[in-house]
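In the two assemblies presented below, subunit A is common to both, partnered first by subunit B and then by subunit C.
Right after this comes the complex of A and B.
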């Protein structure tokens, strides 16, 4: 496998955009990405589209050629990947595979989701299709209730407290307030976070990520060609995709995600780095408890210590290892199919030193963790200065 | 890229199976495939699931780990690919890429669709999500009406007749009657084919493929390891995936599919064979006109001559180059997400000489063409005796 670099990124803001349909969002991110890489669309050799539920949210399937042709990318393989909330992380993984294995030189990935045109109850139902319909979902679960059970168990086993969950929300809202592309730019206090409207006990409104529209795009190339295309190449040092059971009741222990541990192990080994060396990270905080568990599964802290780690400020923007300097899914927004590539966008901005007021101090080695469902898919990517 | 072989195949019958849910179908095909390759699931290194519209047909998304874990495949990358009716053809293409590029040795692909639990009107609506929702579909088109326009234009430009379309139906029903796994094992006469219930003029009921449930599976390995796993390896000699506009109105000429031509060109070049050398083929006859155009775009006959070619018997089971000896989508059935891998299954059966009463005379070099939508995705695969 040869070294791979990110040579271009592009993104729409995340938010509610009633005037932009799914293709317009994807094209906007894609065009910005092509411009960022100084590339004509005709040079792209393979195209990936990460999308979770376009057919359910807006009725449009077969999205890969639908978007690629609108971008002026003609003829080449155009492939949609769906892996719940890890859809575009997985698309990124497969694009990396193609470049690393020498199959193609220039591969583009767009992640997109258009969610806000549906009422919240329908969004909840569509999101639930990423769970096990014949079991947990038929029994009445939603993703909020699944993660509520996970949080409750984490509290029981490790003594994690409501305040720890709230601390994650406060931290990510604070960072997101500095991100002009974030869906919700609103700092909150610990008191506010604790007093949110109940959703699924112990999770309240401030523990849940946002329902957003948005798109993000990235172009990969072999490292040896990167300097032709950009003066700020970012290297993909390590990456792993892993899988696990879809249904929560099939898992032996719901306070850890084996797919995260496995994807991370592959990525760390490939990159030749340890968890301690990671300087900053974008973690999949679909719910606050998910960031806490991810920080443990990735080896940033010992198991059970993720809550205090956030509470004590270690993962704040000015802490030792900032987590979700972008605001995370919690504040930046969570257009499901765009989230994985959106995280890559944020790592690249940081590594290039282009993150503005949310720029982290040490920014040469970052990690992104993109989780699908309640842990059935995970993609972990480690990026660094080239 | 290294040579790749099919080392195992498995399949459910195609038909209406009210007692089997989507996962049961996929697992049945997958288990037969693992047994056919004499492999334990724990040896699979990467898993692909081709599925078009599981979320719409049965409400279940995130299908790759949902199926892989049920097969006992743990931890490895499990990825769903969606490309309309070419979903599992595309999944097969990406699995081939991984093995050919040396990323993994053993990669499994399952294609599945569960369609018959929805009423026909809803099935038609779900299928239409593979077209352009903001244009042709909003204007009232269905896939039958899109292909009716294609047929009408082909008639106008080339003099293709209703009898030519009917001849494709008669031929594929005759072959399918010999296939114990076919959905509709019913030979029909030309008169019957011409007198079918009108669907979208000039297409009638016998010009349309079936709404089916079903699954098919395949395992790929490097050719050098194939002999460990099977005494009947089949080699993937060439393969290509290509893309084009989703909306019919964006195409310059609707009597040809550029994605088919391009995918075929890639596959022929890779295999080092000419269209003339292809001994038999499985073509994507979602509608009879689609087989006619495919036979032209693949270079089996000159443009405009696909109708007479079928009518004169050249592509019959006992003709010079049998097309759809399995019965095709028309008679074998068309569980959308299973169709691409189902075609690979049929090529492998023929090349191995295991096709029973529908065995074709010359069976060392076969081609499969899997079309998505009205031509926005195409995957062409050329398989031969190893």
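Right after this comes the complex of A and C.
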């Protein structure tokens, strides 16, 4: 297996962009990425597109060559990967395997989603199709309600409090306010976070990530070629993808995500690092409880202690291990298919020292965790300075 | 009819299109006495984790439960 590096990144802002269709978003991120890597599109040897529900959101299928040809990438394999909210994390994983295995040298991954052209009730329905339609969804479950049931159980078993969930929202909004590419650049207070409109008890509006449009892109290359392409290569030190049941009611214990634990264990082993050594992280806070559980499953804190960890400030921008310095899905936005690669973009910016006012103090070793559905897919990536 | 214990629950205030007219409504994962868990709807009184429930009907494959009367 060859060591692999990220040699270019690009993204659009995340937000609501009525004038940009799905292809325009993907092309904008892709062109910025090619420029960042100083590469002509004709040099890309394989192309991956992470996208959850383009066919449902905008009616367009066959999205990978639809985007790659618009970028000027001709004739090469162009593959769409769908894994719910982990679509582009999974696309990144598969691109990494191609480069690591020596199949191709220059592989591009774009993640994209166009969500805001649909009304919220329809978006909720499309998102729910990532759950089990024959059971939980037929009973009326939404993704917010599945994570609400996870939160209820976590509160029951570990004594996690409503305030702990709110603390995650406050923290991520504070960081996102410093991110010019974030969807909602608005700090909120704990009181506001506790008083949001109810969505699915105990979760309110401020516990839920945003419905966004956006795209993000990266280019991978073998480490040995990275220095000829960029002054600031970032190495993929470890990566793992894992899977689990789609239906929440099939899981033995819903206060943990076994796919996160498994993907993390693979990534830590490959990177040869321990959870304690991770300096900062981008975690999949689709709902506030998801960040709390991820911080436990990744080994940053003991099980059940994720709520107090966030509340006490350990994971804030100036804390010992900043989590979601980008604002996370909560404030930066969650264009579902773009989120995984968007996290990689944020790690790369931090590692290169280009994150501006939200630059974290220690930034040589970062971790991204991208979760699909209620935990049926997880991709964990560990990146570091090359 | 099946009986069981509430493993977890929520009250949904924002539903998908098909259920929008029914909010707020409660869903729960019920640990069935015969083994296994199932996601269903709760009718009548709200339930919390640990409550005993009994199935009252199955509509379109979805089990509907009601809080069990304690004797």
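To be clear about the criterion, the second predicted complex is superposed on the first by the 386 of 386 C-alpha atoms of A that agree within 3 Å, B and C clash if a C-alpha of one lies under 4 Å from a C-alpha of the other, contacts with A are read in each partner's own complex, and residues count from 1 in each chain.
FYI, a contact is a pair of C-beta atoms (placed from the backbone, for glycine too) under 8 Å apart; a residue touches a chain by one contact, two chains touch by 3 or more.
As the structure is a computational prediction, the values presented were derived from the model and not from experiment.
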{"item": "Touched partner set for A:122, first subunit B, second subunit C, both or neither", "value": "second"}
{"item": "Touching partner for A:144 - first (subunit B), second (subunit C), both, neither", "value": "second"}
{"item": "First (subunit B), second (subunit C), both or neither touched by A:66", "value": "first"}
{"item": "First, second, both or neither for A:75, with subunit B first and subunit C second", "value": "first"}
{"item": "Partner chain(s) touched by A:134 [first = subunit B, second = subunit C, both, neither]", "value": "both"}
{"item": "Which superposed partner A:243 touches (first subunit B, second subunit C, both, neither)", "value": "first"}
{"item": "First (subunit B), second (subunit C), both or neither touched by A:279", "value": "neither"}
{"item": "First (subunit B), second (subunit C), both or neither touched by A:201", "value": "second"}
{"item": "Contact breadth on subunit A, by residue count: subunit C or subunit B", "value": "B"}
{"item": "Subunit C-contacting residues of subunit A that also contact subunit B", "value": "134, 250"}
{"item": "Subunit C residues touching subunit A - in the complex, by the definition given at the top", "value": "7-20, 22, 24-25, 27-29, 37-41, 49, 60-63"}
{"item": "Of subunit B, residues touching subunit A in the complex", "value": "1, 21, 23, 47, 52-53, 55-56, 58-66, 68-69, 73-84, 90, 93-94, 97-98, 101-103, 126, 129-134, 241-246, 250, 258-259, 262, 372-373, 376-377"}
{"item": "Subunit A residues touching subunit C - in the complex, by the definition given at the top", "value": "120-122, 124-125, 128, 134-142, 144-145, 148-150, 152-153, 156, 197-203, 247-250, 254"}
